[in-house]
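Read from first to last, the chains carry the letters A, B, C and D; within each, the first residue is number 1.
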C-alpha cells in the first residue's frame, strides 16, 4: 500500500467528519469542561447529531452495494506489512454508523437531563464523546487493527464510565472487572490478528478474505483465526463464560448502560463476526461453537433474569440473553438476521434502559423493584414508552422485536430443531421476566416509603423526548425486514446483500420453507410469548405477588437469584490462586530461594575468608614452618606432575 | 564529529556543574540537557538526509587510534539503533533534570554533576563502536548512579546499593573476560564492531562467549532470576536515580543484546535461544504476578518494569525482524512510560509521605489534573492502542508468535496481568474515598506539570505517528537480523 | 690448597652443605629462642658459603670466593640489625621467645 | 648506573647532614636531589650499557622502573616531611632519610643487576634497611615485632635464595645472568637437575619477596606493624622492585626452564589471588586491608610473571605504575585520617564524605583504581595483564583473576560505604598542603593513564 492515498470521492469529507466531530467534542469538553458547565452537554450532543447527519449523507450517497475506502495515512509498518489509518464505508458500516450516532445522540440528549445535578456533568460528556469516537473507529476501520483500536478504546471508555462515580470502590471494582474481562477477550483478538499476519501478511478485511478463500473451507488456520476472534467477541459481547462483567457494569449511570452496555458496544462482537463473515463461513466448526455458546448464553442469562429484583440487572441479563440470540443467529450463518436483531434490539433496549433510568430518576435513585409498583399512574409517558419497549422485546407483532426474533427462530427451525426449541424457550422466558418487570414497576400499588412517594415526578422534556422517539422507532423499525410471508422484499437483507454475498455462495443455502410452516412458527412464537405474559399477569397483577427478600430465598431460587454463584466460582478458581501464587513467588522464590542463593554466595565467600585468615596466626615460627612445608609440597607437586 | 560533540556536551556540562551552587546548577543542567536535545534533533536531521555519502558518514562517525596493543580504537558513530537510544537518553534527561526542581537535596551540584556524567557515559555506551571503548563507558555509567543512590537514597541504601553495584560489576567483569576472549579469538585482532561481525569465531567457543556477555546483560536488564537487586534498588534510590536506572540504564542491557551479542556470536545465540526465551517468558509472567500483590508503589513499578523488559528481551531473542524492530520501538516507549510512572510515584510519595498503596486513595478527588496525567501514563504502560507502547508490544508479540505461537500466547498474558496490577494500583491510590493519610494533596507544581504533560504528549505522539521512529530503526533491525540469523 | 679441597669429591661438599643447610632450616623451625634462630640462619648461610667455595675451586675461578665475601658482609650486617631489633624487643617484653611476638594476627 | 651512584651519594649526604645539622633543609634538598636524579635517569633511555664489567647493565626496562622507583621515593619523601613530627622522629630524621635512600639504592640495583651478586646485594640492601625502618618506632612493640618478623623471615628466605644461586653457580660456573642464560639456552632440552633445584629455590625466595602465597605470611603483620609511611613504601616500591627483579631474573636466566616451574608458579598465582582477596574481605584494619589487597595485586602481577614468555614487561610496568599511584594516594589519605582519628580501623573513615567531601572523593578514586574500574589506571593495568596472560594461553588463570577481582571489589567498596553512609565521627580531618599535592598528583596521573595508557604501553 502506498503512502497516504486520499480518495477524491465526495464521501471523503463526511467520512472523516463522522469520527472527527465527537473527537472535537471530546477535546473541547476535556479541556474546558469545567468552564463550560452545562453547555458541554449541548456541545457533545450537537457534535453527535452532526456526525449523525454525516452518516445520513453517506447512507444516501453510497451507491447501492458499493463500498468506499478512505485512507488517511500509514499508521505503522514493518517488513512488507503496512497498517494504515483507513476507513471502509459499506452498507454494514453505515448501518452501524446510523445506529451508533442516531441512538447515541438521543442518549446524549437524555443524559443532559439525567446527569443535570451531577458534579461530574462535563466529565460525563467528555467520556461519552470519547466513547462514541472509538465506537465509530471500531465500525469504520478497514482493517482489524483499526477495529482493535476502537475495540480497546470503547473498553477504556466503558471502564471510565462504569467507574464514573469513582468514590465508590464497588463501582471501581465493577469497572476494573469489565476492563480486565475485555482484556482477556482482546488477547484472543490479538492472537487472531497475529495468525492473519502470519498467514496472510495483511489485516485488511478484503485481503484477509481473499487469503482465506485461497485456503478453502474448514482449513485449520481459518478455524484457529475465527475461534481466536470469537474469544474477543465473547469478552466484548458478554457471552459465556466471560459475561459476568456486564451485569456489574450497571454500576455506571443509566444512560451509559443504555448506550454502551445495551445498544452499541456490546454488539461490537456481532459486528466483528458479521464483518469477517467470509472467514466464518469458511470455518463451519467455529460457527457450531458460536451457535452453541450463543444459545447457552441466551438461556442461561434468561433464567438468571427471572429472579433479579434490581430493575437494571434484569435489563442487563436480558441484554446478555438477546446477545446470545444474535450469536446463535450468526452461528447459523444468518449474518443479516443477526445484524437485523442488533438494530432492532438497539432501539428497544435503549428505550427500556432510558425508561428504567427515568423511573430511577423519578424514585430518586431507587432501583429495587420490590420498592416500586403502581408507577403507571404517576409517570405516564415513561410507562407508555416502557410498555412499548417491553412488548417489542417480547416479540409481539408488529413491534420491532418480533420481526428480527422471528427471523432468527425461523432460521433455527431450518437449521436444527433442538436449537429452535431452546431459543423459543429463552424468548418465552424473556417475555415472562420483562412483563414481570413491567408489572412490578408500574402496576398495582406503590410499595416504597412515603417520602419517596411524595416527590415521584415525570422526567423533564429532554429525557422524555428521546423516550418517545425511541418508542416510535421500536414500533416501526421492524418493517425494514418483513418476513417472506408478508412481503417479498426484505429491504434490510437486500441493503446488506452486497456484504454477505460471498459467504452466501460458500455456505449451502437452506431450502425455502413453505409459508404454512412459517405461519405455524410465527403462531407458536407469539403464542408462547402471550402465554408467559398471561402467566406473569396472573402472578404479579392478579395475585399481587412480590418477590421475597433475599434472605427468605431457598433451594433452586436461591441459586438462581445468586446468578448460579458464577462470580464466586471465578473468584475461587482464578482470582484467589493468582493472589496466592503472587505471594508464593515473592516470598518463597524471590526472597527465599533466589535472594538466598545470591546472599549465600557472598556469605560463603566471606566465611572462606574468615577460615583462611586463621592461618595468619601471628606466630613467626608457624609462618616459616608453613613456608617450608609449602615449598616441599609445591616441589612434590611439580616433580610428580612433570615426571 | 557530530557524535563527538554529542558526547562532549554532557561531559563539559558535568564539569562546569561542579562549580555552580544551589538552584543555579539545576537551571544550568536543564539548559545543558536541552541544548543536547536540540543538537540531537539536528543530528537526526543530518542522519535522515537521503545521501549516505562519505560526507555524512564522516560527519557522524569518528575513528582514531587510541591504544596500539592490544588494539583499541576510539571508534564512535551513529546508526539507527544508536541514534534511537541517544534520542531516548536526550529526551529523558531534561525531564529527569526538571523533575528535580522544587525538591531540595543537599549538595545539589554534586548530584547534578554526577547525573550529567552519567548522561555522558550513557551516550558513550550507545555511540561507541569499539568493544573496549563500549566496555569502559558501560563501567563508567555504573559509578555515578551508584553514588547518586548511595548519597541521596532512602532507607538502608548502603546495603542495597552495594548489592546492586557488586552484582552488576560482577556481570560486567565477566563481559570483560568475554571481550578479551573475543579479542584473541578473532583473526583480525580488533574489537571494532564491524570486524567482530565480519569474522566468525568457531561455534565451540561461541557458546561460552555468549554466556559471558549474556550474564552481564541479564543482570543489567534484569532478566529473572538475576533481578533481585532491582526492586530494592529502585525503591531505595532517589527518584531521579530510579528514573535514570529504569528509563535509560536498563536499556543499555537490551541495546547491548542487539549490538554486542546477537550479531557477534550468532551460533552461540542460536544454540541457547530456547533457554533464554523460556527464561524471559517465565520472567514476564512471574514478575507480573508478583506485581499484582505488591503494596509498595515503587516496588510494584519495579516488578512491572521487569515484566516489560522481559518481554522486550524475549522479542529480541525471537530473532526475526519485527521482534527486533518491536524491541527497539518498545525500548523507547518503555523508557518514556517508566520514567512517567516513577515520577508519579515520587509525586505521590513526596506529597503523602507514604508509598504503601493501602494507605493511599481518593487522590483523584483532590487533584484531578494529576489523576488525568497518571491515568494516561498508566494506559500507556498497559499498551492501549494509540499509545506509544502498543505498537512495540504488538510487534514483539507478533515476533514471538512467529517464533512459537504457544509461547506468544503465554507471554501475551502480560496484556491481561498488566491491566490487572496497573488498574488495581490506580484504583487503590487514586480512586475511592479520600484516605485519612492524604487529607491534603497540593496541586501540581509548574515543573511537575511540565514533565507530566511532556510525557503524556510523547506517549500519544509516538503512538499515533510512529513512522519516523520505525523508519529510523527499520534498516538497522534488518541488518542485525541478517547478521545474527544462522541458517 | 686446591688439592686439599679437590681431594674430596665434589658431591660430598654438596651433600655436606645441603646437610648443614637442612640442619639450619630445622633449627629455625624447631627452636623458639630468637638468638638461636639467628644462629641457625647463619648456619644456613655458611652452608651456602661452603658450597660456593668448593664449587669455585672446582670451576677454577674466584667468583665464588668473592661472592662468599659478599655473603659474609651482608650476614654481618643482618646480624647487627637483627640483634638491634632483638634488643629493643627485649627492652619491651623482657623475653627473646618468638612466640611472644603475636600482637598482630589475622 | 649513575642513578645508583648519585642516590647512594644522597644517602651519604643524609648521614652527613646530621653532622652539619642541616635537618631543617634535609628533606627539601633530598627531594631536589631526587628530582635531579630522576631527570638524569631519563638520559639512559635507549642507550643500554653495562658497568663494572658486567655487574650492572642499564636497559629501558631498568630505566623505566628506576624512574618509577625514584618517583615513588620522591612522594614518600614529600610525605615524610609531615609524617615524622614527633621529637623522637625529629632526632633521627636524617638517619631515616639516609636509610630510605639506601633502600632506593637496593631497589635500583634490583632493576639493573646483570649478576647474581648484584641481585643478592640489591635485595639485601633493600631488605636490611627496611628491617630497620619497619622497626624504627623503637618504643612501639608492634613496630618492633613487625621489624623482627620481617627480619627473621626475610633473612631465612634470602638464605634459600643464596643456596639456589650457589647451586646454579655450581652447574653453570658463572654468576652473570648472560652466562646462565646461555647455559639455559644451550641445555634447554636436558637441564641439570641441580640447576632446576637451584632455580626453584631462587623462585621460592623471590615469591617470598613479592609476598606471593603461600609465602605471604609476613606481609600483613609487617604492613600493619610498620609505621604507615614505611608500609606505603613497602607496598609500593618494595613490591615493584621485587617484581621487577623477579621478572628480570626469570626472563634473562630461566625463560626456557620455566616449564619445570610452571605448576608452582601457577598454583602460587591462583593462591595469591584468592587468599589476598578473600582474607581482605574480613579485615577491618585499613592498613591490614591494604596489605591483603597488596597480596592480591601481587597475584595479578604474577599473571605477568607466568606468561613471561610473551615478554609482558610493559604490561607489568603499566600495572606497577597504576598500582603505585593509587596506593600512594590511598596511603597519603589514610595517614591523614590515622593522624586525625588516632585509629587505623576502617571505622575511622566513617562519614568522611560529610566532613571532607574532596578527600572522600579522592580516596574513592584511589579505591576504584585499585579495584580496577575505569577510567583509572588500575583498570588498564589489569586489562593489559589479563590480555597478555590470555594471549599466552593462561585463560583459566585469567578467569580466576576475574573472579577474584569481583571479590576484590567488595572490600574496596566497604571503605567507600563507610565514608558515604556511616554517621560521621567528631574528628576534624584536613590534609596538609604537601599531602594535598601528593594526592592530587597521584590521582591526576592515575586518570591520565586511564585515559591515555599508551604512553607506557608503547614504552618497553
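We adopt the following convention: a residue touches a chain if its C-beta (ideal position, glycine included) is under 8 Å from a C-beta of that chain, and two chains touch if they have at least 3 such contacts.
Since this is a predicted model, take the numbers as computed values, not measurements.
Of the two chain pairs considered here, A-D and C-D, the higher C-beta contact count falls to C-D. Centrality by Cα centroid goes to chain B. Rounded to a whole number, the gap between the C-alpha centres of subunit A and subunit D is 79 angstrom.
Distance from the subunit B centre to the subunit C centre is 67 Å, each centre being the mean of its Cα atoms.
Mean C-alpha positions place subunit C and subunit D at a centre distance of 27 Å. Centroids of subunit A and subunit B (each the mean of its C-alpha atoms) stand 37 Å apart.
Among the residues of subunit D, those touching two or more other chains are numbered 148-149, 152, 156, 220-221, 410. Counting partners per residue, subunit B has 166 as the residues that reach two or more other chains. In subunit C, 28, 98, 101, 103-105 are the positions where the chain touches two or more neighbouring chains simultaneously. Remark: the chains found to touch one another pair up as A-B, A-C, A-D, B-D, C-D.
On the subunit A side of its complex with subunit B, the touching residues are 74-79, 145, 148-149, 152-153, 156, 159, 163, 166-169, 172-173, 176, 179-180, 183-184, 186-187, 190-191, 194-195, 197-198, 578-579, 581-583, 585-586, 589-590, 594-595, 598, 602. On the side of subunit A, the complex with subunit D involves touching residues 602, 605-606, 608-610, 612-613, 615-616, 618, 620, 622-624, 626-627, 630-631, 634-635, 637-638, 641-642.
By the touch rule above, subunit B contacts subunit A in their complex via residues 163, 166-167, 225, 228, 286, 289-294, 321-322, 325-326, 362, 364-365, 379, 384-386, 391, 394-395, 397-398, 401-402, 405, 408-409, 412-413, 415-416, 419-420, 423-424, 427, 431-433, 464, 466-467, 470, 474. The part of subunit C that touches subunit D in the complex is made up of residues 14, 17, 21, 24, 28, 34, 37-38, 41, 44-45, 47-48, 51-52, 55-56, 59, 61, 63-64, 66-67, 70-71, 74, 77-78, 81-82, 84-86, 88-89, 92-93, 98, 101, 103-105.
Looking at the complex, you find that subunit D touches subunit A at residues 148-149, 152-153, 156-157, 160, 200, 204, 208, 214-215, 217-218, 220-221, 259-261, 263-264, 267-268, 275, 278-282, 407, 410.
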